[in-house]
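Heads up, there are several structures right after this.
The same chain A turns up in both complexes below, where it pairs with chain B and then with chain C.
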Partner chain A sequence: MRTILFFLAIGLVVASMCIGLTAGSVQGPKAHPDSPVRNIVYAHVPSSICALLCFCVLLVAAIGYLKTSKESWDRLAIAAAEVGTVFAIVMNATGCIFSHAEWNTWWTPSPRLISAAMLLFLYIVYLILRSSLSGAKQRIARNSSVFAIIAFLNVPMVIISARFMPDIHKASFEFGSNWQRVAFFLGMISTCFLAGLLMWFRTDILSTRARLEREFVN
Partner chain B sequence: MRYFLLSFKAIFMKDIVTEFRSRQVLPTMIVLGMLIIWVFRIASEVASAEVSAIGPIALWVAFLFAGLLAQERSFATEEHQDCIHGLMLAPIDEGTIYLAKLLVNIIMLSIFEMIIVPAAIVAFELTLSRSILTLVGVLMLGNVGLSSVGTLFSAIVQLTRTKGSLLSVMVLAILMPMMIPATFALLAVFGDIPAELIGTGALSVVGSFKSAIMFMVVFDAVFVVACWLLFGFAIKE
Partner chain C sequence: MYYVCAAFGTLWLAVFGYLFILDRQVKDMGRRLDARLASQDE
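Our next item is the complex of A and B:
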């Protein structure tokens, strides 16, 4: 069942890429009409949205843990942070490639680029904190939850900067054809699906490990 | 309320008196701050920007790193002979401990700034383009933001193996967005911001001095309240 779902997600991602790459480029106002780099949008936008969604899941899991002290919330938090890191890396890497091709610079200190880098840093710091905390399991989970909640306070700023501030980075783009629209939304759905699946797998691995540890100790 | 004030005063006095008697952190902070200003001053000779524009930036860098020293100490001292357990056994609200420690850190940073800011003004030949009260206001807003996050995380990192270095990474990652309006405001106080910033960079997005102050007030309020509420979870056994 899992293997089927996993390959379905991968298939959807590949299909959306293929449609995106073959059915022409996205028409941005400034971009050159035959620039193939703009097709990166089919990977860049879905992965940015998934990185943000994973942070929301992380917040919910952190609040859930502080409220209930159930270990399953903590496992969800770890999974969300790890998957979120992957998507944040994809977002920043694709963004850099696009930026180099279109604006002739790898990185520029514009609000949206700063906030994207910040999101990645917050994820990495969360993972570093988790790995360097020592002591009882509950205390590690509680302290990382506290950090996750404080870190989330910066996320509204990421969203505000991505939508409302004047920036070199466009807030939206226009589709040239229905094929592009299909490719884009297929990419969106498949990437979110993939993120959810990865989180599910990771929490499952963690709960199996916890069960093994319990049995081994007893 | 009276009980809150009593316990608040007790913790606050304990920390302040300990620091003034032992004089462990403040001298270190001042030397570090002076060195940072000095290094920036030397480097600014080859910088393409005007020397005076580097001054406020050097100041924020000095505040960030010296502030981290003060914040790390606020719970490191409690770990000696398990003082933290005594503090937690006392019948006081955890929020009170946080607020008292926060105030100590703010005062430490303020004393530090009283020495470092004149030094930077002399070194970089800075001139104030707004009143001195505005400068104090901007510095205080920065102080509160820096200390609020640092005090909370100081309690968390005492459990880690890496302690201080992890604290700096955590605090700097969280404070990154706040540093944009803070830099803008300090540059504006020293008159290094042109009337109109054109472009799409981070500083030009802040727009005006007023909005920079608004940003900082919002950040401070959000961080202080959130850290105060979450502090209980961070020190619970």
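Our next item is the complex of A and C:
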């Protein structure tokens, strides 16, 4: 079942990439109207949305843990943070590549770019915090959950930064044709599916490890 | 086109890199389980 789902996700991503690479231009910040570079949005935007969604899952898991103290919430939080880090890396890297191609600079201090970089750093800080805290598991999980809830404040910043402040990064883009709309939504669905699958794999590994540790201790 | 390939390549690299890490964790778990079972048998 897992293998089928994984290959389905890979197939969807490949299909969306193929469509994304051929779908043509998308209205966006552009120096050259017919540049294929704008096709990067088919990888960049879905990854960004996935990174933000993973932070939402992390928030729900953190609140769930603080309310119930169940380890399953904590495992979900770890999985969401790790998968979110992967997509935040993709978001920032593809953003840098797009920026260099279109604006001739790898990075510039604009509100959206700063908040996106902060999102990645917050994920990394969360993971470092988890691994560096010592003491009982419950204490580590509780402290990490509190940090995750506070760090979530950056998510609305990422969303509203380009809308309410002057920014080189466009707040949204328009589709030129239905073909582009299909390419974008296929990219969105496949990337979210992939993120969910990775999160499921990671949660499964963590719960198996916890079960083994419990069984060997008893 | 070079930039587009670099961007999509980064996506694949990140996803497969993470899958590689998960795979190593599963193998490590299997090794530890085998070692524990072997020590229990002794």
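One rule holds for everything that comes next: the second predicted complex is superposed on the first by the 213 of 218 C-alpha atoms of A that agree within 3 Å, B and C clash if a C-alpha of one lies under 4 Å from a C-alpha of the other, contacts with A are read in each partner's own complex, and residues count from 1 in each chain.
Methods note: contacts are C-beta pairs under 8 Å (C-beta built on N, C-alpha and C of every residue); 3 or more make two chains touch, one makes a residue touch a chain.
In this text the structure is predicted, and so the values were computed from the model without any measurement.
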Partner chain in contact with A:I89 - chain B first, chain C second, else both or neither: second
Touching partner for A:V155 - first (chain B), second (chain C), both, neither: neither
First (chain B), second (chain C), both or neither touched by A:N39: second
Contacts of A:F147 with chain B and chain C, given as first, second, both or neither: first
Chain B versus chain C as contact partner of A:L119, first or second or both or neither: neither
Touching partner for A:S110 - first (chain B), second (chain C), both, neither: first
Touching partner for A:F201 - first (chain B), second (chain C), both, neither: second
Those residues of chain A which chain B touches in one complex and chain C touches in the other: none
Of chain B, residues touching chain A in the complex: 149, 152-153, 156, 159-162, 166, 169-170, 173-174, 176-177, 180, 200-202, 205, 222-223, 226-227, 230, 233-234, 236-237
Contact set on chain C toward chain A in their complex: 1, 3-4, 6-8, 10-11, 14-15, 17-19, 22, 25-26, 29, 32-33, 36
Residue ranges of chain A in contact with chain B within the complex: 66, 108-111, 114-115, 118, 121-122, 125, 128-129, 132-135, 139-140, 142-143, 145-147, 149-151, 153-154, 157, 161, 165-168
Residue ranges of chain A touching chain C (in the complex, touch as defined): 13, 17, 20-21, 36-37, 39-40, 43-44, 47, 82-83, 86-87, 89-90, 93-94, 97-98, 100-101, 194, 198, 201-202, 205, 208-209, 212, 216
